[in-house]
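Quick one: the structure is below, and I'll ask about it shortly.
In order of appearance the chains are A, B, C, D and E, and numbering begins at 1 in each one.
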Amino acid sequence: MGSLQRQGSNTARSASRMPHWMRLVNGPQTLGHGPIFWVGFALAIGAAVVYPAFADAWSVGNTAYFLCWVFMALGLSLIWGYTGALSFGQTAFFGLAGYTYGVVTINFGAAYGMTLVGLLIGVGISCLGAALLGYMLFYGRISGVFLGIVTLSTTLVFATFMAQTAGSQWAIGDARLGGDNGMTGMPPLTIPWVGGDIALYSGVPLYYLLLAMLVLCYLGLRVLVNSRFGNVLVAIRENPHRAEMLGYDIRRYQLIAFVIGSGLAGLSGVLYTAWGQYISPSNMNLAAAALPIIWVAVGGRKDLTATLVGTLVVLGIFQNLTIYGSYYAFVIMGLLLVVVVVYLPEGLIPGLVRLVSRLRKRKEGLS
Amino acid sequence: MEYIHFAFTAFYQFGDAFAFLVLSAMGLAVIFGMMGIINLAHGEFIMCGAYVTVATARMGVPLPIAMLCGSLAAGMLGIVLERTIIHRLYHRPLDSIVATWGISLILTQGTLIVLGSSMAGISTPLGSFSVGNYSYSTYRMVLLGVAVLVLIGLYLLFHHTTFGIHSRATIQAPHMAKAVGIDTGRMYSLTFGLGAALAGLAGALYAPTISIVPTLGANFLVESFVTVVVGGADVFLGTAPAAATLAVIKAFLTGWQGQLMGQVGLLITVMVVIRILPQGLSGWLLKGRT
Amino acid sequence: MTTNNTKLLSVEGVTSGYGTTSVLQEVSLNVGRGEIVAVIGRNGVGKTTLMKTLIGLLKHRQGAIRFDGQDISALESHQRARLGIGYIPQGREVFSRMTVWENLKVGEMLQQPGEGVDYERVYEFFPILRERANQRAGTFSGGQQQQLAIGRAMVGKPKLMLLDEPSEGIQPNIVKDISRNILKLNRELGVTILFVEQNLDMIMTAQRCYVMDKGQITRELAAEQLCDRDAMRRILAV
Amino acid sequence: MTLLQTENLYKHFDGVKVAQDVNFSMEPGEIRCLIGPNGAGKSTFFKLVLGEHQPSAGKIYFSDQEITQLRSFERVKQGIAVKFQVPGIFSELPVWQNMQIAVQNHLHGDSMTAAIDKALAFVRLTDKAGELAGELSHGEQQWLEIGMAVSTEPSLLLLDEPTAGMTPDETARTGEMIKALNREGMSILAVEHDMEFVRQIAHKVTVLNFGEIFAEGTINEIEANEEVARIYLGTADDDE
Amino acid sequence: MKYSTIQRTATLSTLLAGSLVTSASANDPIQIGVLEDQSGNFAAVTQVKVNAIELAAEEINAAGGIAGREVELVIYDTQSDDRRYQELMRRVLQRDQVDTVFAGFASSSREAYRPIVNQFDGLAFYNNQYEGGVCDANMIVTGAVPEQQFSTLIPWMMEEYGPNVYTIAADYNFGQISAEWVRQIVEEEGGEIVGEDFIPLGVSQFSQTIQNIQGEAPDFVVTLLVGSNQASYYEQAASANLGLPMASSVNVGQGYEHKRFAPPSLANMFVTTNFIEEVDTPEANAFVEKFYERFPDAPYVNQEAANSYISMYLYKQMVERADGSTDKEDLRAVIAEGDVCFDGPSGTVCLDPKSQHMSHNIFLAKVDENHEISFPETWENIEPYWLGENGCDLTQNDPSAQYTPSSPPNE
């Protein structure tokens, strides 16, 4: 478990002896380093790869569905956990990208890899939206709670607006926005293939695609946060004043982190939309907007691995509570949230890591 | 005559919106504006006030007393929650989002489990009156009156009573307040309880006019946050002018472009205000004074 | 040296500080009933830390603090204050968004049970507090804020007043006013006073004084030594 | 050429004057100390130079270029660095990473590693490279911050009470550090109360009082100045 | 024999489970998935749907099951959350492998799960009154649709009270589409829409709306309000002494507002519904009595409860007529015969093969000052004609789409 602790004294210095790429994914900003962690990581991926062979189709599809959401959580971890700016409105970008995917694919169909183009355009539009909003926020020096309120307002305005677009005049090309009932009829993701496209319904192929994307995204973010750029983000979170006095334009860094994080929210939005062939304003309302914050806060926002694992754990627990908890699901969810916030302020995963290492130390002390 | 009717109509609509914003925001203004706790369970305090009011009124208790009971019950609930959970979160306001969200889930669903999915309501008292061709609900004018009274009452409470002064001192400079002998822990509890009681009062006052369901608090949440954010930290100098400004915007947009624009207009106002006046209206008003 | 044999405040081997660093190292000192005692020293030697430790805003790690015969080490700040310790912090810390009157009103908290609040007495000392009762405290100048901070403490009729650098950032002539008022408080109301300072004008108000350096009390000076300006200057290292 | 110069600098806060007609200048290579009673406007002056406050009136020049309108980080890039009074470090990050954040802005790869090692050696924190900065002693935190400030290779280093809270031994070491930096060509402007320390390092001393420059000269001139002694210490013998 | 509610633990699933082969033997129970909102916003209205399904399942099992097979319910609480519908619809179809699903209250929930039903080619019953227009072979809709409710209600109201109509409607699909229907019918009948207000979901304050209505002085108001927040309108209108007759297709019959609000706020309200507990026919009374006997704490037996109950029996009939097959196409072949009918709580109702919607007997319920209900008028056997007339014919092809009057299928 020690391998899950943040890189400490010796590793920081020995970092220079590592191969370059190892140094990138292994930096001080992420929990987990050294051979034990990476062997564990490889085993986890291995397990994830063979998982479909042992699980039933629903479980695989359901896991794929969970994976859709993790990107948004990772994005929020970057914005909130690493940069220290709480965005309460990631669902605005989620929805924006989802609707964009719908508009593109309904109008241009799924052939010739158009769904992948739709994915890229969706993510691109959400990045653009985030750049506009982020510019207004960070260059306007809005921070703290107020940042949360403005971003929340944004997503609520968007949701309220979309809810009343039921009429047929609200259409972009062939794509009807559909009001509160949402937009339907978009194709799932497809991969162009000789002899006909492969449509990725929520089954094993989609699972593998998402798994691959997630691993890439996770490693990519690890590289990012452990890079010079990530150093600055953490510096801004820890002490924005000092960071600025070391010559960094902190607004620019905050903006870039916000755009990347929102792009990931957009990616989640596209994946969710393609998965269920459906997107609606209820994905952007207050309840939906609070969810990513809960995943990230409960998991442990200051670390990508904690966010990743925590999000999957929370999604799984909440869904199982819904399935087995009947009436009491919400009550138990609420209690869990309160307990985690009060007793594990750093989040579930870092809290557990700390607990285990403390127990281990005590054991070592005894022996 | 036409003009007088028109003027009264405008006044009534403004007053109605104003009362709703003031009453639903007051509790939050104390808890979020003053104490900095982002209380997503605000709606559930309102729900608590409404439920207790309806339940006691249906047991035959006179309505005003039932409303008082509703408000007190919410206040009590607030104090209990502060003592058990909230007081651990003062130094990390962002985490309070998650905790109060959890509390909100527990209270809403708990109410559903214990009291069922809905509750029979009570009638709006006091009937109606007419001006020109229009008839109006008398009770809603009473709500306006109560809103103004609550504002005045809070002003007096915070500026002319020992509790109010100690509470403000505690929130402005907790260390110094401790050093002059104020039990700041108790002040935090009481202030939070006051905020909860005010939320409960909003629920109590609106209980006769709305559906009594466990999720009723959600109706109030967005509007109250909007008002408090526009208002800024000062309960009196912030919430009152913010509610007045927003009421004008809302009444105007709703009357002109319908309810949708009324809603959207409110949210856009918040974004604009935060951009221009990061400290809210009260920050701006206070700055002008020094 | 004490004018009164009974000790009002006694500090024995107190160590305290922030985080892992100790700023105060085993500090011991006594203040007798009715005395005016100063703790002097340059910036950064731990004077403010001493004051915060005495009022309880910082918890000490070692040693004991006794006030009026009672061990107050375990008490919270507000409990210590209610025993009769008035605290006037560095930078005054008036409640700046509240009015002058409200600031005074907060001070009532300290008042001993059964005694009325004598605002007249406060206004007699500081007439400006009556004249500007409804002005926001944040709009006062430094000197006026200092008067308010002292007035706020007076309202509670404390037995002991702790003043942290009362002259800081204040015009020399106002400093003289403040030192006069402190003397008057001591003489007329019998308030015991402990203050930390580096300003000679203020220091001369004291009857006795401790010199502090690097978190420790290094010397104790009697009243006559306080009058030797050159010696004092050497101590204050200018 | 002057390194730093201010022209008729004014700053008001809500009617309170915290800088009044400040005309300050210092030469390259100088160690200047800024003294004055608490509340005399020393910190405000620093903030004006750093761009954290905008002056109400007046201009600021650095290396003969006007920087009045530049934002803080741009001034830092021009060659100004600062060490704050309260240690401004990234306390939850290891020492090595603190240093890396400071250095990476202008150096990469091996030269960055070398620069970090050099800076750590300079502030004697090589052995503590892996510790969390927040767990260092107070003096070490001050040095770490000096190390961070210095490693941006500034031509002017601003120090706000660099020795506050240090033991005499630490204070003396800090003085040596500053002199060593100066020998390498760095100019230093320090706010300091410890006159012994000022005597150890300062070429020239500027006294501020109520937002104005009250006196300026060598340490001996300043110490001999009765007026300075009066404002700094207050005096019993000036009756109105 | 008692039905059992399955809330399955994770079974050690086999690779076989991945395929969708339902090779049920004659003795395996027939499984019916039930996805309804028992928590959250809609719980007040939908809990009774689950109860009605449970009641029907118990009766059917007591009478020997469906084609000799026991009925087993797989019930999940969807928490008024569209995403839960998506997750759980996949679960019931893919893991629990139910034979059919009874699902959904909000239209958005239906639209959220519909693509998934299509993906797995399942069969879902939507037992709600709604805005109409779903033309999807995988869906059977038993709730009333606008043409059934408005073509009866509006002309009656216009004759009774006059031609000037004011509509207030929830600002989303149901409200907008229903308002479109009202407009069309009013104009056809030679009346005039004097005003329309659309209210965003979640709005609970209506002073401005009430005043707008007074300003136009209509003969009656059509209220198409949705959710507990918007229901607050009635109390607020009453307290402002608006005093106009009201007509609705959705309130009372669904959310039993006349029980939840104190009288006389819903006085002079006219509602067309295919069932409410006050309907005074022998079949209806028997059903309501059975219902309260089994669920004494139920707040109200609304139209959705009756529809859900009826659906169970329709399904039973279809499966039995398909010789025990639960295959979707076999069942649709039965529907195509055009005589799948059931004589239940609301009288005789039949499934329309073209749209797979249900015909209804429409009762006009009038709420009086004491919130007592009377029925001034009843229309028998009103067909869900609109989809069929406009080119939706599921016996020919399956567009799996939802149409609206402004964009009908044959366009």
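Keep in mind that, in the parts below, contacts are C-beta pairs under 8 Å (C-beta built on N, C-alpha and C of every residue); 3 or more make two chains touch, one makes a residue touch a chain.
Please read these numbers as outputs of a predicted model, since none were measured by experiment.
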{"item": "Number of hops, chain A to chain D, where each hop joins two touching chains", "value": "1"}
{"item": "Any chain that touches chain E and chain A", "value": "B"}
{"item": "Contact-richer chain pair (by C-beta pairs counted) among B-E and B-C", "value": "B-E"}
{"item": "Chain at maximum distance from chain B, centres defined as averaged CA atoms", "value": "D"}
{"item": "Centre-to-centre distance between chain E and chain B (centres being mean Cα positions), rounded to whole Å", "value": "37"}
{"item": "Between chain C and chain B, distance of the C-alpha-averaged centres to the nearest whole Å", "value": "42"}
{"item": "Rounded Å distance between chain C and chain D, as computed from the means of their C-alpha atoms", "value": "31"}
{"item": "Approximate Å spacing (C-alpha centroids) for the pair chain B, chain D", "value": "49"}
{"item": "In chain A, residues with contacts to at least two other chains", "value": "160, 164, 327, 329-330"}
{"item": "Residue list for chain B, restricted to those that touch at least two other chains", "value": "109, 112, 218, 260, 263, 290"}
{"item": "Shared interface positions of chain E, touching two or more other chains", "value": "39, 171, 198, 200"}
{"item": "List of chain E residues in touch with chain A within their complex", "value": "7, 9-11, 13-15, 17-19, 38-39, 76-79, 81-84, 86-88, 90-91, 94-95, 107-108, 110-112, 114-116, 119, 171-173, 176-177, 198, 200-201, 401-402, 404, 406-407"}
{"item": "Contact set on chain E toward chain B in their complex", "value": "39-41, 43-45, 47, 171, 197-200, 202-205, 207-209, 211-212, 214-215, 217, 228-229, 231-232, 235-236, 238-243, 259-263, 265, 297, 299"}
{"item": "Residue ranges of chain A touching chain D (in the complex, touch as defined)", "value": "7-13, 16, 28, 228, 231-232, 234-235, 238-239, 241-250"}
{"item": "Complex contacts: residues of chain C adjacent to chain B", "value": "55-57, 76-78, 81-82, 86-87, 89, 93, 95-98, 102, 105-110, 136, 138-139, 152-153, 156"}
{"item": "Chain A residues within the chain E interface of the complex", "value": "53, 55-59, 61-62, 65, 160, 163-164, 166-168, 176, 178-182, 184-185, 201-202, 276-278, 280, 282-283, 287, 319, 322-324, 326-327, 329-330"}
